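Some notes on the structure that comes next.
The first chain written gets the first letter, and so on, giving A, B, C, D, E and F; residue counts start at 1 in each chain.
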Amino acid sequence: MTRTLNQPLGGDTMPRTGGPGTMMRLPAAESAAGLDACFLGIPMDIGTSNRPGTRLGPRQIRDESRMIRPYNMATGAAPFDHLQVADIGDVPINLYDLKKSVEIIAQHYREVLSHDAIPLTLGGDHTLTWPILRAMAAKHGPVALIHVDAHSDTNDTMFGEKVAHGCPFRRAWEEGCLINDKVFQIGLRGSGYSREEFDWGRKQGWSCIQAEECWHKSLTPLMAEIREKIGNAPVYLSYDIDSLDPAFAPGTGTVEVGGLTTMQGLEIIRGTAGLNLVGGDLVEVSPPYDPTGNTAVIAANFLFEMLCALPGVSRLR
Amino acid sequence: MTRTLNQPLGGDTMPRTGGPGTMMRLPAAESAAGLDACFLGIPMDIGTSNRPGTRLGPRQIRDESRMIRPYNMATGAAPFDHLQVADIGDVPINLYDLKKSVEIIAQHYREVLSHDAIPLTLGGDHTLTWPILRAMAAKHGPVALIHVDAHSDTNDTMFGEKVAHGCPFRRAWEEGCLINDKVFQIGLRGSGYSREEFDWGRKQGWSCIQAEECWHKSLTPLMAEIREKIGNAPVYLSYDIDSLDPAFAPGTGTVEVGGLTTMQGLEIIRGTAGLNLVGGDLVEVSPPYDPTGNTAVIAANFLFEMLCALPGVSRLR
Amino acid sequence: MTRTLNQPLGGDTMPRTGGPGTMMRLPAAESAAGLDACFLGIPMDIGTSNRPGTRLGPRQIRDESRMIRPYNMATGAAPFDHLQVADIGDVPINLYDLKKSVEIIAQHYREVLSHDAIPLTLGGDHTLTWPILRAMAAKHGPVALIHVDAHSDTNDTMFGEKVAHGCPFRRAWEEGCLINDKVFQIGLRGSGYSREEFDWGRKQGWSCIQAEECWHKSLTPLMAEIREKIGNAPVYLSYDIDSLDPAFAPGTGTVEVGGLTTMQGLEIIRGTAGLNLVGGDLVEVSPPYDPTGNTAVIAANFLFEMLCALPGVSRLR
Amino acid sequence: MTRTLNQPLGGDTMPRTGGPGTMMRLPAAESAAGLDACFLGIPMDIGTSNRPGTRLGPRQIRDESRMIRPYNMATGAAPFDHLQVADIGDVPINLYDLKKSVEIIAQHYREVLSHDAIPLTLGGDHTLTWPILRAMAAKHGPVALIHVDAHSDTNDTMFGEKVAHGCPFRRAWEEGCLINDKVFQIGLRGSGYSREEFDWGRKQGWSCIQAEECWHKSLTPLMAEIREKIGNAPVYLSYDIDSLDPAFAPGTGTVEVGGLTTMQGLEIIRGTAGLNLVGGDLVEVSPPYDPTGNTAVIAANFLFEMLCALPGVSRLR
Amino acid sequence: MTRTLNQPLGGDTMPRTGGPGTMMRLPAAESAAGLDACFLGIPMDIGTSNRPGTRLGPRQIRDESRMIRPYNMATGAAPFDHLQVADIGDVPINLYDLKKSVEIIAQHYREVLSHDAIPLTLGGDHTLTWPILRAMAAKHGPVALIHVDAHSDTNDTMFGEKVAHGCPFRRAWEEGCLINDKVFQIGLRGSGYSREEFDWGRKQGWSCIQAEECWHKSLTPLMAEIREKIGNAPVYLSYDIDSLDPAFAPGTGTVEVGGLTTMQGLEIIRGTAGLNLVGGDLVEVSPPYDPTGNTAVIAANFLFEMLCALPGVSRLR
Amino acid sequence: MTRTLNQPLGGDTMPRTGGPGTMMRLPAAESAAGLDACFLGIPMDIGTSNRPGTRLGPRQIRDESRMIRPYNMATGAAPFDHLQVADIGDVPINLYDLKKSVEIIAQHYREVLSHDAIPLTLGGDHTLTWPILRAMAAKHGPVALIHVDAHSDTNDTMFGEKVAHGCPFRRAWEEGCLINDKVFQIGLRGSGYSREEFDWGRKQGWSCIQAEECWHKSLTPLMAEIREKIGNAPVYLSYDIDSLDPAFAPGTGTVEVGGLTTMQGLEIIRGTAGLNLVGGDLVEVSPPYDPTGNTAVIAANFLFEMLCALPGVSRLR
């Protein structure tokens, strides 16, 4: 018995500026049942320390995904030839209580993962990765992590709180969700409270590649190294849009200058192909600081590139 | 047998910044079958003479409709207690050929009207009202018209063309779609090519109320008069957002100063309650010229007010 | 012994685009000690249901207050001839825990009020008025309230939570902070979940003046009536910028169309002169939705008008 | 011998978004020779005290004038049937020395006036009206003045300087350019340094109508009164866009809340028809604060309305 | 007999923010007669598939060209010392009928080419290159092509239509306008409907250099190669601004991430010096998506660089 | 006796969106007395030739500095462990007379330098560097100069004026403020009036590194060379934000395409560590052209990096 695979609504069927407000104009689904991969959103920004707005990220990313066509001209990936994919909507987080939202997210992802669908998440602030990693570890055991970000997000607390967008990887570490010698943080930079900030991860065995190490060159070799080190372990990809230099991605809340280029971001995500990716997220897009919508365009494309890199998607060339 | 009426997704179920990208976060439907009223979009701007952008109007209006709750605090109308309503998506117009698009629209509305659902249209440029009126007349015979606009849109041609956003009511008149003594144009103003522009309609028996006649006062008395004159005739409401002064609705393409206020706009639409409304549209919202999204907020609310004014919606007070 | 009264830094001393980032370029002070009135900010938006951004309100209002000169040309008030005024900075709220922030605010205002200074607050989302009213009632007993807003903000809960920007006046009422027959809500409008929303206040004896009752006319007579009813009672003025129509104040998060004009807003605040004002706030300014900064200009001017209306400020004409 | 009158390029000849960048897409002219009226720009903002940007005003006003058609639908005026009009470009002011710019402007207008053309000026900051009035008085003797503005612009000095955008009418008065009992200032408001600011003009016999006197009503009766008082005297109209409330005209530098509406602005300018208008200006449009371009649209229309009100333009109805 | 060469209006004669709205503030001309090169605009966007706005491109490019001075500091080119250049205005396309517009453009360029002037076109959507190439081939026979773009624009149809901004090079190929082994497409990337999209050109013998091949390096060597291959053939340069990464050129309609840098764009255009350039265009600038105007600044500079690369312009160093 | 060093207000004490409007939320100081280094602003733009707005630069840079933490994660510098630093406010320049402003600035910096504090200046247009260099030379004798800019700013005059933002280094040279063989101009590019523009400096012995020489590579080697050449001489660093490509720094007035990257900018400033820096400025940030605020974020970070590079700040790694 063959199944019919969902396809994004094409531009010859409906103008790109029309059609459903789903990711890539894919069919909406009620749950992850029957899916190989799914897009879902977390419209949250109450874990944010500086500029807000990421609560509108999922809506804007979906909107600006409308022009993406099904075939990846660079890698040859044709994900909709191989995977059943749908947009399963948003997680109904509690906008007035961050700690409760964390529980809602964890619960929601346990449900998604019960269907064996790979979740690709449209954030939302980075707090959300903690409960996702918790659900990941519950299913897969500890996971390898590729974390692309301007910030290490390993604070013990912010303003005395354990739950905030600067703490998710510290929390995930505390709960044993990570394979410490297979954690890679790429793009870290900026100012901090002390030297310890990036070194904390290093003490746990993590690899922290500061942005300055990435300047003026391709990251394709770095990704080859990372693939080598991760091997077959299940791996989660958490992509914070603020890893990019603000020239490329102005629409975010905690801007750090001197970041990665979009080209490097593409090299990173494309460089995960061949790994055992079990999930991914794209976080910290803040539409009120994105007057042209182009930060959301990047986010939408990066999520499509994640889909193209999933296990089971072969490449035509 | 009772049917369950669709309800907009509530803010206690899903944060306002999440949820589906449909009008008022209502359920989507494939067609108008089984509906009393429906929202649908026409993502078109190729009939526009000055600033473009209305092709993105339906997406933006839906997005900014996310905060509208089901009950009208001013009029007491609770449309979702009475009517089956859904969002039936967009008309797949041809972005490269305006004349073909007109045919596609006419055809699409004939299909919608075959289900006896009242269509409320998210525009799109004003060209679209011509094919809608053609479908209306095919079903109802000639209709009364309340046309709120800065422009009369009764040009014979623009740049030699019969089909453009300045001509729809001339075309509808030519085809006999209108009951000429029941046509009301409200808000006309600005500059023109000659005195004849507004007088052409008057010669056909239409009532043309220029914006200057509306300044500094309530339009509730005017609407009482209009209701009196229209009586039981089927009536179509075409609301061009540029009828409003650009202070209120900056996000549009052919701006004329000295227009109506939003308060007057609400009085007009609320003043259609009691009439035999057979359809309505809200056109000319151009998101690229609406940096705060607030023009789309007005459009979304005006469409909700149209829904509240439909036959069959009783008012609690 | 005479004291020297603080004066805003003048435009002939320092260009308007320079000078300190305080309210009206007044001196900063560490506390309210020795002050008759003070400006202070609450950089919070985590009680917000739709668009965020009010956490940046205090910074933006202060920035855009830079052009206000010390004398009120309309009312003749010269507040800096009579009152010792300073900017005492911001309340260090907890951005990651709304409930804790409410306690921090309440505590902070008890301290301010211990100095007998009248606080004029730069918001921040409307949640903040609850803890302020609690501090007010602790000092003055229940107070009269003039609440200008598009929303009644009397929800029992939002998303199941008791603390959110739609609930402050319900909470204040529960705690007995208000003199129920001296509560006036002006500008209410929009859509709701049911008819009860505005009637709940009415059942407590409050006066709820819906926006539609205000259209097309001066509110000076209304304010005369309200002054008559309030008499000598201590009165708190809570001004939500979304009471204004979005044409006037686009930069806010929960936009409702058909609101008050800035002219009416000025009539309301000027109309409180002569009352026993014990505090005031200006809330819900969201700079990311205010591309020209003009919503913050209104907010700054309205706060200056509140200062001009305080007891002890005589009017020259 | 008949002359051919210049006509704005029509929309059926060239799309509105194309065509020359002149005012109303009129022909450009090298000088005012042979013209009855002319548009000219002064790209200056170095007399500004707060937000800059008016140096770009003339370019933006011309750009946004592109949609204005030749006939005035409200008044019936058809200026291009009666007057020879062209755009004579910009005054080459010295951007680095305000005092020299004043001399350049005065000289330039003496040249324009030598041709008996009526100049309609696209500003530019308000400093420019002083040298224009000097040239006016040199030709016509003292003139009557209708000055629409949020500010009286009668400061003796700003930051110790005699030349700045807050001083032009004081300078013009000192030089005897004005007929003091025929000076009308409309729309004054906001804060000031002292009560004297508006009273200074009153002491010279000027009529100062504060904005509050204009709220909630038509200004047509006021203009009838003003016409009566001015009689046949030569009259200059200086229109500062900040006279309008910032809801209507956000794009300006020294914003004051509670201003006139665009409708009232139209009533004022239309109300000058029948007077002996010898010149007019529209100043203080700051494009960087006008993200939609609509403030420039107002400015362009107001300049067109000035043209329609000039002597020699009859009205068809 | 010597002729006087037109010069751009200098900044010491007129402030940069004033002066005519022509390209580089050059003199306007009625036609191409007597010119060596000319700038002209095509204010069209009705061939666009996603975001509109390019109809305003020519106006905005001209506006933002105001700061370009006559000498190229990088290449030493002084084009106005060698060529007679003017701005000959816009092509009066039909905004309501794309197919008719194509004919109007073809006709217009035949007229321009009859004067032996080299046209440099300010777009406008990319549809316009087809009729230009048709006129080019009519004059020169098939031409070599350097096409810089994110998209190959070789679709057979879009939405069933042969004329749209994704098809011009397919049409030009069909009509034999191109020398197939001298066609170079640079910067192609993004998603597509199938692998064939870029391979179609390759099958015709075209060189398609995908963006990924360009990352992290200078394109000067590539251009040397291309010059070698083109030799003395007449060559047309079509520069789509969306070839640039959206970080550099946000103001365009069909955004693809991971593009060229402006530096590479300069290398490409400067690298055409020495070729037999017979024309060039700069297309797809969409001002509504260019809030700072900087995309238009790039476009203006790139057009100036094309002028500097024309035959007959020697380089001082 | 130990002194307590000022610290920026931390994010765990006050949310980043609150706190004082000073640079990095440092304490304000009345003067430079007792300070090792100080930040101060010059809110001026009247020396600007094209887009204005830099008068708002200091306010915006301070605002967007709010997220910078005290430790430099890239260089290990901890400036607040070593230096007493404060924000000493703005220079009260005369907005209506550029020449007087130059005198005010020179006087102001003589006073600052009398306290042996190193001034780091928030501009303001580039005219300001002339009077600063004059004060520098008065204290230190001629200084070495690292000047990062798109323009050489060595015009003799602009519009006939000696004082303008294109002339400061010519003036400083005339007055003997510079050590000519230790002047480095980096990033020069764009168009000019003649070949001489960059060569003038070269004739004085200056090193002019054009932007094209910097493309596609690290500037760390260049800075090593420059440090070598400067040796122990006192050196002033003048950083014009328009040295950066507009992709990185859109918010400036005289945009030139093809500039430096932010990464290169960081390399330059970090590369000055070890030199005898006696002062620095960051000029030409124009907030009205910076809709996201990110240009000001860069400026704030670059000023922090200058602080980190000052003598006396050791680096932990």
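Heads up, the rule we're going with is that a residue touches a chain if its C-beta (ideal position, glycine included) is under 8 Å from a C-beta of that chain, and two chains touch if they have at least 3 such contacts.
Just so we're clear, the structure is a prediction, and the values are computed from it rather than from any experiment.
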| item | value |
| --- | --- |
| Touching both subunit C and subunit E (chains) | A, B, D, F |
| Contact-richer chain pair (by C-beta pairs counted) among C-D and A-C | C-D |
| Rotational angle, Cα trace of subunit A fitted to subunit E, multiple of 5° | 120 |
| Option reproducing the contacts of E-F, where over half of them reappear, out of B-D, A-B or A-C | B-D |
| Length of the line joining the C-alpha centres of subunit B and subunit C, rounded to whole Å | 37 |
| Whole-Å separation of chain centres (CA-atom averages), subunit C against subunit F | 40 |
| Subunit A residues counted as touching two or more neighbouring chains | 15, 17, 49, 51, 55-56, 95, 158-160, 216, 245, 247, 289, 291 |
| Category of the chain touch graph - line, ring, star, complete, other | other |
| Contacting chain pairs - touch in the sense defined above | A-B, A-C, A-E, A-F, B-C, B-D, B-E, C-D, C-F, D-E, D-F, E-F |
| Subunit F-touching residues of subunit A, taken from the complex the two chains share | 49-51, 157-160, 188-195, 197-198, 210-212, 215-216, 245-247, 250-251, 254-258, 289-291 |
| Subunit E to subunit D touching residues, read off their complex | 13-15, 17-22, 28, 41, 43-44, 55-56, 58-59, 62-63, 89-93, 95, 291 |
| Residues of subunit F touching subunit D in the complex | 45-49, 51-53, 55-56, 94-99, 158-161, 163-164, 288-289 |
| For the subunit D and subunit B complex, residues of the former touching the latter | 10-12, 15-17, 66-74, 76, 216-218, 245, 247-248, 261-263, 266, 291-294, 297-298, 301-302, 304, 316-317 |
